[in-house]
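Read the structure below first, then the notes.
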Amino acid sequence: MTSHRIRALLTALAVSALVAATGCGGNDTTGAQTGASATAGATGTVNVFAAASLTETFTKLGKDFEAAHPGTRVKFNFAGSSALATQINQGAPADVFASAAPKNMATVTDAGNADGAPTTFVKNQLVIAVPKGNPNGVKDLADLTRPGVKVALCAEQVPCGAAAKKALDTGGVELTPVTLEQDVKAALSKVKLGEVDAALVYRTDAKAAAADVEGIEFPESAGAVNDYPIVALKGARNAAGAKAFVAYVLSDRGKAVLTEAGFQVP
Amino acid sequence: MTDTDAVVAGRPEGTPSRRGTPGRQVPAALLLPAVLGLMFLVLPLAGLLIRAPWATLPQRLATPGVLTALRLSLQCATLATLLCLALGVPLAWLLARVDFPGRRLVRALVTVPLVLPPVVGGVALLLVFGRRGLLGGWLDSTFGITLPFTTTGVVLAEAFVAMPFLIIAVEGALRGADRRYEEAAATLGAGRWTTFTHVTLPLVGPGIAAGAVLCWARALGEFGATITFAGNYPGTTQTMPLAVYLALETDLDAAIVLSLILLTVSVAILAGLRDRWISST
Amino acid sequence: MTAVPEPVTAARKPFNGPMLDAHLVVDRGTFRLEVALRIAAGEVVALLGPNGAGKTTALRALAGLQPLTDGHLALAGGDLDRPERRVWTPPEDRPIGVVFQDYLLFPHLTAVDNVAFGLRRRGLDRRAARARAETWLARVGLADHGRRKPRQLSGGQAQRVALARALAVDPTLLLLDEPLAALDARTRLDTRAELHRHLTAHPGATLLVTHDPLDALVLADRLVIVEDGRVVQEGDAATVTARPRTDYVARLVGLNLYRGRADGHAVHLADTFTLACADRLDGDAFVVFPPTAVALHPQRPDGSARNTWPATITGIQRHGDNLRVQLAGPITAAADVTPAAAAHLQLTPGQQVWAAVKATETQAYPA
């Protein structure tokens, strides 16, 4: 098993054993809400576990945050939301969790690992990604069922797949994909490589790959909008830094960066 | 003369052999790392066993997708091993027996799939056999054959990643084999092909078996190249590792169960083969 | 490699010349083998020489396992190798049989299948090949051992299976590489006699490579002695043993050998020593005498011996029932004395003695 994420999981399992052994519990912080007061005292390293689809925007936000808070350093662990949730619940050293789906966030909050209630900071919507120039003339979901049109979806187990299923159900479209990809980037790369004619991906991903693919909006996606919740974690070693980072993501500056990438801000 | 001979030939006999003397101590410098190594390999397995949801195991086993993925895994790994044998044994022979220019380079190239991250290997396969690939386009237009998203694609991806294990094992066996047997066969009238099939192959049989086992095991666990090149669709391309991976997304317990099934079946098959096949030679 | 137009299967073809006519030239790095060999049908020739003399290279060249650099190789009148015309025959197309030093029986095949291997390659079907193989195993006395794998055979049995395997294909040329070297002394004695019987019966030419003079003397009709890639002496056993021409051969046959210039009954050696001989000769000559002809005395002897010289004992070894005494002095020599005589003389290394050899015990012959 060579999967990056499985390796990450194994690492997390090992880490969890260490954490348990050293009796390192979460230090309780009083539930100070996001605000200037929490931001002021931020120093040190902030460990942010964020969904893979946030890679570009959060990297940018991290740099901005470091600039705005001298003395801080933001370290990211980008991976699938579910793998991140597992890692967090197994005791991985995370201060902030930004998930691509409420379900994975619920895994963490249900385990009592969140410090306060999560906040939805962006929404992402599906588009139909087709190769540049749209050679098959795809206009809507129904076009994807035409014979000879190969479609890649995300597997239902991952958020983009769940959203795709919801959208297809909403539209009453019966679609047999050729593959159920492990994440949205994999689905998108199949379009980029020309192996499939279309894939249902997030608008942000299509936008990031604008050099190779076009994103086609379709009405059914409105019923399958994906909420991205973020939360500071109870086990945070840097509680102040965690709060400050969450606040920064929710700030106008954060919203601007996220909107620019194609996210919808609630 | 006879007497002189006897003196010359008379090696001291009955020199006691030191091997296998009972009661010899295993040096701690070897024993300690050996035990640590074993624990390092076995403990993760123990982790899986301890964490396994034994109570719900029967229902989970009965999940229809599980058997489909398992069957597909076994089929594809076996077909991939056969493909590796058909192509890899001759290639190993070439590397071990024929002195051709650029042999060192070829030997290095053979090991490329070992160092290539499997996902990259999958992309590389797409670039060759994909719809827009170097050969894929021609295969499609000429024969109507497409490989990505097919079971054949799974076999190819697994074979690509697993073949070096076979080639390295077989080449090692060929180099270790006594070539004078091949010369003896030649003096008895056997050409190179007959010598290969009737003498060389049986001589290196254990090496080939060991290589095939490694190859099969590697193919069975293959994930990255498979999901990249062949995609993931239940029944056609979703092998056990892919199912495990996706189960991890939602359900750790399911992932553990699937992993255990894969482990149990493969260990059972390998242990069964070892008795019948490997140690018999 | 270029195959000869018609493969030679000519053991039975009427042919009057030597069965094997070869001039083997093989360059291997700084080593050069250059050996001419002619062997008649039914003749057994032993290629004898010290380690590294090129014996095995010669055998491999004959088998086609080592390409000739130059020279030629013809069997029953047909060219197999002739490098100047770029003709080489691969081993599998040669009418030869080889018994290798370690026998090289295929470990995965039974004794019968080992013997049948060559027969199958020569076109016999499975059943016929096995039948012939069984016959051959019976001929070497192993009728009951056909189903055994090589590892279940003793050294002597394996040797006989190897012989049967080589002979089963009726080779025009049979090659044996140290066929008895891997056996212990007792087995060697029996197997040697058995081998002699089969070699005598073999109608083709036989070349036996060995470093053991006894094997050569017992098994071969003619000896060819090679040293450092060259033939140094050739002849039947009687000639070679009586008249060695190199120190190596002299050691093999157990004689003291000297080279010098003969002038009537005196042979002048290079180091100003002169040996008196019974034979009358002129010009370059060899002189030999056996160690048993050398008598040792504590003082200079007065008797009838014509050759006496002072010597220093450099070594004493058991040699059969006697002791062999190595002597340094104006000439180096070996002397055999009885234990009784040795005790009487109280021989010890470093001791000064006088050595004496009667002229009638020496033999001189032209170099």
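General observations
The first chain written gets the first letter, and so on, giving A, B and C; residue counts start at 1 in each chain.
In this section, a contact is a pair of C-beta atoms (placed from the backbone, for glycine too) under 8 Å apart; a residue touches a chain by one contact, two chains touch by 3 or more.
Model, not experiment: these values are computed from the prediction.
Chains touching both chain B and chain C: none. Using mean Cα coordinates as chain centres, the one most removed from chain A is C. With centres taken as mean C-alpha coordinates, the chain found closest to the middle of all protein C-alpha atoms is B.
Separating the CA-averaged centres of chain B and chain C is a span of 50 Å. Annotation: 85 Å between the Cα-based centres of chain A and chain C. Chain B has its Cα centroid 37 Å from the Cα centroid of chain A. Of all residues in chain A, none touches 2 or more other chains.
Listing the residues of chain B that touch chain C in their complex gives 1-7, 9-10, 178, 180-181, 183-191, 194, 198-199, 202-203, 205, 281. Residue ranges of chain B in contact with chain A, taken from their complex: 44, 47, 117-119, 123, 126-127, 130-132, 148-149, 221-224, 227-228, 230-234, 237-238, 241-242, 244-250, 252, 259.
Across the complex, chain C meets chain B through its residues 63-65, 90-94, 96-98, 100, 102, 104, 106-109, 117-118, 121-122, 165, 169, 185, 212-214, 252-254, 317-320.
The touching residues of chain A, counted against chain B in their complex, run 1-3, 5-6, 9-10, 13, 80, 82-83, 86, 150, 152, 155, 157-158, 177-182, 186, 189-190, 193-195.
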